[in-house]
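The two complexes that follow have subunit A in common; it is paired with subunit B in the first and with subunit C in the second.
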Partner chain A sequence: MDYQFHWRPVIQALPDLLKASLVTLEVSLIAMALGLMFGLVLYFCRASSLRLLRGFGSTWVEIARNTPSLFQIFVFYWGLGEFGIFLSSFTAVVAALTFNCAGYMAETYRGGFNAVPAGQDKAARTLGMTKLQSLRYVVLPQVLRAIYGPMTNQFTWVILASSLGMLAGLRELSGETQYFNSRTFRTFEFFAATAVIYYLIAKIALILMRLLGRPLFRAERARP
Partner chain B sequence: MIVLENLRKSFGELEVLKGINLTVDNGEVVSLIGASGSGKSTLLYCINALESIHAGKVTVDGIDVHAKGTDINKLRQKLGTVFQQWNSFPHLTALENVALAPRVVTKKSRKEAQEIAEKQLVHVGLGDKLNHYPSQLSGGQQQRLAIARALAMEPKYMLFDEATSALDPELVGEVLDIMRLLASEGMTMIVVTHEMSFARDVSDRVAFFKQGVLAEIGPPEQVMTNPQDPDLQRFLSTIG
Partner chain C sequence: MTQVFTTLQWSDLWFLLEGAWKTIQISVVSILIGTLLGMVFGWLMSLKNRALTFGVMAVLDVFRSVPLLIQLILFDSFIAIAGFPMPAFWSGTIVLIIYTASLVAVVVQSGIEAVPVGLRNAARCLGLSYWQEMRHVTAPVGLRTAFPSWLGVALATIKDSALVSAIGYVELLRASQILNTRTQESVKIMLIVGLIYFAISYPLSRMGARYEQRQKS
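Right, the complex of A and B next:
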């Protein structure tokens, strides 16, 4: 093997790579937060008695789940240009990942809502709670518990999928890595280092999600 | 006062309530007995509007339950409901279970809601379980928790839908004791039950349901010891 490893360029670029990691985090956090909200809306659309809403929800979910995420990013970045809508790389990537996340979360929510017995809402309503109060205080906390695991996976997925953003010109972690790669040709070193950074980001996100979720699971921790 | 006038209710082709007339006076305890599927539970759910009706009228204190303009959420505060499946909220402690509705529905302060909750939990004998989660309570305790939760809204009426049917036999007594206590305190109650001794001892009147009609109604000593309807005679002899 004649390849000589040169790590110095990577070390020199590390501050820039870490700065780009913040873009990765920003994109992922926004897409995940919006995806959670839109996913819930989509769930209600699909559970609606109105055909129009059901059709809208199902179409979204079908497309989001059954087309490549990369294509979805391209549609938001270049595709919309055909209609005179020009989004920045950042906005396009956030929008595409949100679109995708919402589609997957809609399905996850469905599982979560199915896991809460109908009696819970009934009991809340007979106490005089409105539909919204029952949802807010009784049903959703239990749905959140049920979907917390899949939701954590989804968040990890968004962080990693945001790397596709570089193909829409976004200088997030992967884009930045590619930039340094093309300047230094230390391909292996740069992508190896970036892989480690991704790993660390994903791991830390997972640990944070666990800590954040703790209040949701206090009932489970109670001794029988 | 709860008044049912010619109440009719169908599920698709099946008419489950075929014109029920019943008046429950304040302070009265009325037990509804009859075979499963005779329409007893549906009747309860027509009173608190968990079910819609097809004809007739239900009024609670003169308010038409099923009228369009009725604020059903407000009306339900008067109507405590206890289900067969106790439906305790698993993510909340006993205290939080009971304090939730006073806090979000009647907008009591957190402290006030907790005081109400504690009072009602002591009332049903769960004063030592305030910070327990439902998963740490037995079925009987969870059902008493459900009763306390309903009482926290200071209802004028209590509706019990087979409150003891899902319980292990040894846990039935503690729930019936609480129901007896409520009756002795003058609570107006409509009780769907298969507990014949409870119906006999506690009710002011017992109503026998048969395929969607109120076949016989009267004081327990009359309905249960001297039944006129042949189906009621059969029902009482099989159920013991």
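Right, the complex of A and C next:
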């Protein structure tokens, strides 16, 4: 092995890489937040009595879950151009990850709603709550508690999947790494540093989500 | 006007199907070897040895916390540095195998832990050796509970095999990009590629859902 490792370019580029990690976080947070919302909407679509809504929800969920996420990013980035819709790399990646997340979260929500006994909603309605009130004050809080764990995993997944943005020209952490790589040809060094940064981001995100979850769901845990 | 781009032809469909076949090859090899490796790791983690469990878990956790794309590029550049050039099929598949194994290990571990301790102890009391108990009690019971999650991992591997295109292996997604560059008919090509992926993945995910429903009832 006569390869000389050169870490200096990596150290010089470190501030830029860290700045690019903020883009990674931005993409992941937006996609996750939108995915959570659309996922809930998709769940209600699939639980609806209207056939059209059910079909729409199921189609979205099945496509999102049964095609590669990289393929989905390509569709949003290049495929939509044929219809005159030109998204920036940022929008395309966020849209694709949202599309994917919503599909997975819809299934997670289903598990969460199934975990709440049907009697709870009925009891709330009997007490005079409207359908919306029962959902807001009785059912949804319990659903959110049930899906918090899977949601944390999904968030980690989104952070890691946002690296695919590199292949759609997005200058997030991976894209920025690729940019520096093409200028210095220090592929191994740069991507090794990026791997470490991703690992740290994923771990910090996981710890933060755990810390955040503790006060949020404390009341339920105290119950015997 | 001279034609710069040639239109989509029937032979191009064949080209895509060839790519799909390579996607299936990568996936099958990765899932098979990855599952075997993952079972070993999962078993190691289920042993009552804190240090071993922690060590295996920490190492496998790295593979689950770094994007697969970065792992692929890193490994690809590493073998170039270390002087073991190998075809993109293998460098891609090796990364995918380890990634799959790291996911399967968790599934197998929780499968083994789902087997009631009393059941395992009872088997030992009846005179079964450790391996007999493993083979006839823990494996059938644990694998049955682990099966749906394992199928989820297998599906993820099939879809993640698309990332191998990033290091230059011409599988389904890469084949579609090549066609796209030549024909500029991205919508048709993407539709076909999406359908092929869907046709591979959907039956498996249906199977998993049905299996889970049957377990419940």
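Of note:
Quick note on the criterion: the second predicted complex is superposed on the first by the 218 of 224 C-alpha atoms of A that agree within 3 Å, B and C clash if a C-alpha of one lies under 4 Å from a C-alpha of the other, contacts with A are read in each partner's own complex, and residues count from 1 in each chain.
The criterion applied here is as follows: contacts are C-beta pairs under 8 Å (C-beta built on N, C-alpha and C of every residue); 3 or more make two chains touch, one makes a residue touch a chain.
Bear in mind that the values here come from a model prediction, so they are computed numbers and not experimental data.
Upon superposition of the two complexes on subunit A, no clash is found between subunit B and subunit C, which fit side by side.
Judged by the touch definition given at the top, the superposed model places A:G81 against subunit C, while subunit B stays out of reach. Contacts of A:P117 after superposition on the shared chain: subunit B is touched, whereas subunit C is not. By the touch criterion defined above, A:R145 lies against subunit B but remains apart from subunit C after alignment on the C-alpha atoms of chain A.
In the superposed pair of complexes, A:S174 makes contact with subunit C only, with no contact to subunit B. In the superposition on chain A, A:M129 makes contact with subunit B only, while subunit C stays out of contact range. More residues of subunit A are touched by C (comparison of subunit B with subunit C).
With both structures placed on the common chain, the touch criterion links A:R54 to neither subunit B nor subunit C.
With chain A used as the common frame, subunit B approaches subunit C to a shortest CA-CA distance of 23 Å.
In the superposition on chain A, the residues of subunit A contacted by subunit B and by subunit C do not overlap at all. By the touch criterion stated above, subunit C contacts subunit A in their complex at residues 62, 65-71, 73-74, 77-78, 81-83, 155, 159-163, 165-166, 173, 177, 180, 186-187, 190, 193-194, 197-198, 201-202, 205.
Interface residues of subunit A, counted against subunit C in their complex, comprise 1, 3, 62-63, 65-71, 74-75, 78-79, 81-83, 156, 160-161, 163-164, 166-167, 174, 187-188, 191-192, 194-195, 198-199, 202-203.
Within the complex, the subunit B residues that touch subunit A are 48, 50, 73-74, 76-77, 79-81, 83, 85, 87, 89-92, 100-101, 104-106, 132-136, 146, 149-150, 153.
Subunit A contributes residues 117, 119-120, 122-130, 133, 137-138, 141-142, 145, 216, 218-220, 222-224 to its touches with subunit B in the complex.
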